[in-house]
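Every chain is named by a letter (A, B, C, D and E) in the order it is written, and numbering of its residues begins at 1.
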Amino acid sequence: MRHHLVLRVVSKILIPFIILYGLYVQFHGDFSPGGGFQAGVIVAAAIILYALIFGIERARQVFKPEVLLVFAPLGVMIFALVGYAALALGGNYLDYDWLVANDTAGQHIGIITVEFGVGLTVAAVMTLIFLAYAGRTRDIDDEDW
Amino acid sequence: MNPSFLLAVTLLLPLLGAVFMALTGGRPNVREAVTLVTAGLLAAAVYALLQDVLAGGQPTATLVEVAPGLPLVLQVEPLGMLFACVASGLWIINSLYSIGYMRGNGEQNQTRFYICFAIAISSSMGIAFAGNMFTLFIFYETLTLSTYPLVAHKGTDEAKRGARVYLGLLMGTSIGFQMVAIIWTWIAAGTLDFTVGGILRDKIDPTLLPILLALYMFGIGKAALMPFHRWLPSAMVAPTPVSALLHAVAVVKAGVFTVLKVIVYIFGIDLLADTGASQWLIGVAAFTMLAASLVAMTKDNLKARLAYSTISQLSYIVLGAALATSFGILGGALHIATHALGKITLFMCAGAIYVATHKTEISQMDGLGRKMPFTYAAFLVGSLSIIGLPPLAGVWSKWYLAMGAVETGMWIVVAVYMISSLLNVAYLIPVVARGFFRPSPDLVPQSVGAAAAPAKDGVQEAPLLCVLPPCLTAAGCVVLFFYADEVIALLRPIVQ
Amino acid sequence: MTGATLSGIVPHLPALQVVVPLLAAPVCFLLRRGVICWGFATLVSWAAFATSLVLLQVVLADGTIRYEMGGWAAPWGIEYVIDATNAIVLVIVSGIGSAVMPYARRSVMAEIPANQHGLYYTAYLLCLAGLLGVTITGDAFNVFVFLEITSLSSYILVSAGAGMDRRALTAAYNYLVLGTVGATFFVIGVGLLYMVTGTLNIIDLSERVPALQHNRTVHVAFAFIVVGMGLKLALFPLHTWLPNAYTYAPSTGTAFLAATSTKVSVYVLLRFLFVVFAPSYGFMALTLDYVLLPLALIGMVAATVAAIYQYNIKRLLAYSSVAQIGYMVLGIAYGSVEGLTAAILHLFNHALMKGALFLALGCIMLRVGDVTMRGVQGLGRQMPWTMAAFVTGGLSLIGVPLTVGFISKWYLITAALDDGRWPIAAVILASSLLAIIYVWKIVEAAYLKEPPEGRVVREAPLSMLVPTWVLVLANIGFGINAEFTVGVARTAAMGLLGGAP
Amino acid sequence: MLELFLAKYNYWIVILLMMTGLYIVVARGNLVKKIIGLNVFQTSVFILYISMGKVAGGTAPILTGRDEIFSNPIPHVLILTAIVVGIATTALGLAFVVRIREAYDSIEDDEIDDAEKQDMARDLEGRLP
Amino acid sequence: MELLINVVLLGLLGITAIAILTTRHLFVATMLAGGYSLTSAALLVNLDAVDVAFTEAAVGAGISTVLMLGTLTLTRRREKVKKDFRWSPFLVVLATGALLVYGTVDMPAFGDPNAPALQHIVPEYIAGTRDDIQIPNIVTAVLASYRGYDTLGETAVIFTAGVGVLLLLGRRREEDEEAGTRRPERDA
């Protein structure tokens, strides 16, 4: 699809917005539908779109697999560590009430942090999976579709 | 020494010996010295225990509680004492003989042979001194497993087949029937302890007793009751010392010993006598006795003939037990010892003949008696003891067995014993007779084996270590004739 | 660590039991380098084992432990409930894990391409966390989530054998398809239960389901959970994924999965059958008698017969596993305290047996590279310690006295005879006798045949022999003194039948 | 009758969908098709779950301050988790398919079976008598 | 109205499912599967499950379709036509379906506001979200807090899938083929 100038231009404009939307979904999940998982998928979709249009190699340069390989476990660790933090502060595992003095604030912080962890892992893993598939072949050409 | 400790020692000594044998495997002389020393020590330990028992002691040792209500217990009682004496005493003689045979025959894997032998002896001690049926069963199985490599010793296809039948039948019957019987007993009686007078009275529906008894009797495959006798002829592919172990020292004796234990201490002879639950067993045992004798007559292979003879002799004991009278039990127990002495003599003679001439078929042995006079003399003594002629030990056990039959008024059983003894004559005496009275077919005997003498007329015995042991056991048959009373006195308490 | 912090940690051990390996997995992923990952995973396994031992001790002393995840009281939050039944399963899982890990380094080096080691150990840790999570949880849906962690990581462990044999891939694929169908069935069952009760907490369910014993939705939920778990635990005839998966997985993967994963599924089945559904009610009782019992019996015999005809020993043992699962299900199907005791006992004992056997096979794989009947020929002399371990494990499988196998059989038969079910006792015995045939095939090949000419083999390295022998000795140790295991199993069985723990 | 239909039609159709998905899984020999079947099967289960949480006249479970009837949020939460599990399974399954295709040059189970039979025969070739 | 949409969407799903079953073109099947997900997402919205619908659309119609297409470019496009119809799978599926239908008899009616599931736990969740956690989206509150531990598990599942795909496809194909010929060390 490298030839399609229109597609490339439109995507170039669109992709930042998709990612922005992903971030919105990520951090607005408390109020409206959405949350870490959906956000992660959306961000991953944006990256996949980028890879499809600008080529896998270029995508690899922008979204470095080495970084993704850190992000994927990092998300899980963030989630798990919130649990440990609650433990360390005297509560049960994952008991957000103990994170800060105020229970409700603790819940908010806990929910936002773990959702962030989920989003990070989902986005990184989804992108990694896609890149792994793509890495098995030449660039995906028009004829392949 | 503390008797309980001694009891554990009897089990551990052979195992310890096995470890030393493994360590010294490379040096045959040291290895065999270890075997003999271990055997001697074991006999001494058993003798010390015997003194304790004769003084009225009843040493007990609880090893471990395997599961709640299922302890491994060792306890000495007269019957077990007798078996232990037989096994430990004959081990010395058999070890001497093994050295002569294995060296004379140039067998492979001798270290494995001695180690397994020692483990088998340890298991036999466990069987002899088992304080409950559970313990007995466990050692019964370890005995089977430790003797498997001995039966398969030669590693040929024939040996493997024989060993497979051996293992399959013994394991099959013990797991398939005996274990069920034990679990049933456990559920019904709540205990498995060997108790004088039995543990099953009023615990189980009398109509079910024959079934439970059948599970035990056929489950004790080592007693070779027909139709589960096939393993014994199959196992004759083993080297002769192993056959001696199977037929005299440990395995089949462990079988009939277990039969006696079950009948005396699990069922109790009174219960069997009252309910008649063992009537059917009299028939089966009598049939086995006669049928095996008849089969023995048809066998030309000497070891096969002896194997069937053993099957027949074992049924003497089972029959004695099935009569459920004190004479029957005493006779059966005594027969364990007398038959062991007689049969080990015969097997060792057969092995000596094989080492010296490599002959296995009776028809080839014409005239051999003149060349191997000591061997044949021992064979004759052993035969006569098994047939039951004075002044040899066999007469006493047959006498008591017959008395047991008379006591129950079953004249037909008496008749069966008589007929069977005649059959013994018919299949054992010809072997000796051919050896002495037929001319030797080939003047040049095949000289195989390290010690075979040059081809000349005259005496050509097997090596000393092959000939001396059967002569010793033959002498033992005579000695036991005079000391049978003491054995009976030892056994008395079990039937009171 | 001071005593005060230590005692402060004990109340949180239920959570740590699972979340330590769970957090360790991403850390292991970041560590990348094979040897470092291995060392780390080994330490984590040992920590998990230590945790499970403490938990078992606490449970036996003080009774059931309940732990509220996130501080939300049950049934609103997810809770961990530990009683004797799952405490012993936790010990099995983490114990086998800690025995397999020290062994894994050499075996994995030989069987898996170097750049996959880090991922392989990560998958192992995830599998460990998943298995522990399934076992410990008291929430029906949480079972599903952790079951899926377990399943996905098991598929990965199986497929890691692809470097040795391409069939590992198809084996893993089939495992994945059937495993997912099983998990989905389980989810349907849980959903139906939720629909009529409004709760997912197992204890809460156990209080609400009895009132609905005539509700058809509950019956269907019951059926779906049994079938779903039947797929996961390879109940005959739903076992088709198992033989290939165990045959082509790397040695360490097979040893770990064979000893733990089906056991955990059996445990889940136990928990649902006896705690949630209480099979004293008509429909459930009928299912035990007329579905599970016959399937267990047929499976025991059919799988044993199939094992006899196998040439590849890994496959042979895999079929034997199907048969052994039959024993466990049989114990479950009795529905009595004796039966459940036997089932739980066999759960523990079989893990020891199969762990030892597959580890011994892994040693053979390392040195000979061939685990068929041909491969073991003459090994009795060439690898005496390995083969001795294998033979002892084999004897245990047959059920020879003084091994754990005997204890299992003893209690299974006792349970059968207790109810007067003679024919069943006969089938158990027949199946044990058939087991002699396949074990003996191997023994004869190893000891009575000469090794192929020109093959020179050394004994396996100590790092692999020691873990193998630890399990072998456990086989004998718990076979000689089964008081502890029998006691725990009985407590567990009574807990299950006494309603909610 | 109509009342019964109205009360249950949602479930019945969903059951039919589930059956179709399951049928694709068990009856089709193409490995990709099986995964698609699995997806259909699982998606249908999701609908089953969500259907049970629906309340007639209810709204999405988002607090707006007004007093409303909410549909049951618990199935939603469960299914969110289940969807994630589903996509994880799909990704892994498809990765297997890619590798199988590379190793066997086929994604049809009968062809793969044949290839494996040959593998098996090769295993047995060196078998000693 | 709601009911009508519901029926139409369910009908559409049925047609799509049958089409997926019958088509032999894998590309078409993949696209239809994407459509199936999208349609079910619409249905889920209609059933008040907006979060789920969102996710289903993103995952079912998005990511999983991309993955399937990726697989197809690496494998092949057409499904082999096999003539033989086997009864066993059909009967298994039929039995499963029949069992489920049997189970529906005692189910609470669709949309029943008095269903048991609504009486237990849910009221506390709604009140708790309003009073303790104080965020509007009840689903998020339950997902991340009440049942947050499930979500941790779910994240671990995704991570597991990542580990698996990397292990299987993380390297170039040639490397794998080279590795495939490796034999275990005989001596080390």
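List of remarks:
Operating definition for what follows: contacts are C-beta pairs under 8 Å (C-beta built on N, C-alpha and C of every residue); 3 or more make two chains touch, one makes a residue touch a chain.
The structure presented is a predicted model; accordingly, all values stated were derived computationally and were not measured.
Steps from subunit B to subunit D, taking the shortest chain of touch contacts, total 2. Considering the contact criterion stated above, no chain is in touch with subunit B and with subunit C alike. A comparison of the A-C and A-D interfaces places the larger number of contacting C-beta pairs at A-C. Chain-level centrality, scored on Cα centres against the all-protein Cα centre, points to C. Taking the CA centroid of subunit A as reference, the farthest chain centroid is that of B. In terms of the distance between Cα centroids, subunit D is separated most widely from B. For this pair, subunit A with subunit E, the centres built from the Cα atoms lie 20 Å apart.
Centroids of subunit C and subunit E (each the mean of its C-alpha atoms) stand 28 Å apart. Note on chain placement: the centre of subunit C and the centre of subunit D lie 26 Å apart, centres being C-alpha means. Here the spacing of subunit B and subunit E, counted between their Cα centres, is 71 Å.
Multi-chain contact residues, meaning those touching two or more other chains, occur in subunit A at positions 31-33, 37, 72-73, 76, 80, 83, 93-94, 96, 122, 129, 132-133, 136.
Counting partner chains per residue, subunit C shows two or more touched chains at residues 19, 22, 25-26, 29, 69-70, 141, 145, 148, 152, 155-156, 159, 162, 166, 188, 194-195. Touching of two or more other chains is recorded for residues 50-51, 55, 59, 63, 67, 70-71, 74, 100, 104, 107-108, 115, 117-118, 121-122, 125, 135-137, 139, 143, 145, 147-154, 156-161, 164-166, 168-171, 173, 176, 180 of subunit E.
A list of each chain pair in contact follows: A-C, A-D, A-E, B-C, C-D, C-E, D-E. Those residues of subunit D that touch subunit A in the shared complex are 60, 62, 80, 84, 91, 94-95, 98, 102. Taken together, the subunit D residues at the contact with subunit C in this complex read 22, 25, 31, 34-35, 38, 41-42, 45, 48-49, 52, 74-75, 78, 81-82, 85, 88-89, 92-93, 96-97, 99-100, 103-104, 112, 116, 119, 123-124, 126-128.
Interface residues of subunit C facing subunit D in the complex, by the touch rule stated above, are 141, 144-145, 148, 152, 155-156, 159, 162, 165-167, 169-170, 172-173, 176-177, 180-181, 183-184, 187-188, 191, 194-195, 200, 311-312, 372-374, 377, 452. The part of subunit E that touches subunit A in the complex is made up of residues 50-51, 53-55, 58-59, 62-63, 66-67, 69-71, 73-74, 132-137, 139-141, 143-145, 148-149, 151-152, 154-156, 158-159, 161-162, 165-166, 168-173. On subunit C, the positions that touch subunit E within their shared complex are 19, 22, 25-26, 29, 69-70, 72, 75-78, 106, 109-111, 113, 115-116, 119-120, 122-123, 126, 129-130, 133, 139, 141-142, 145-146, 148-149, 152-153, 155-156, 159-160, 162-164, 166, 188, 192, 194-199, 215-221, 223-224, 365-369, 457-458, 461.
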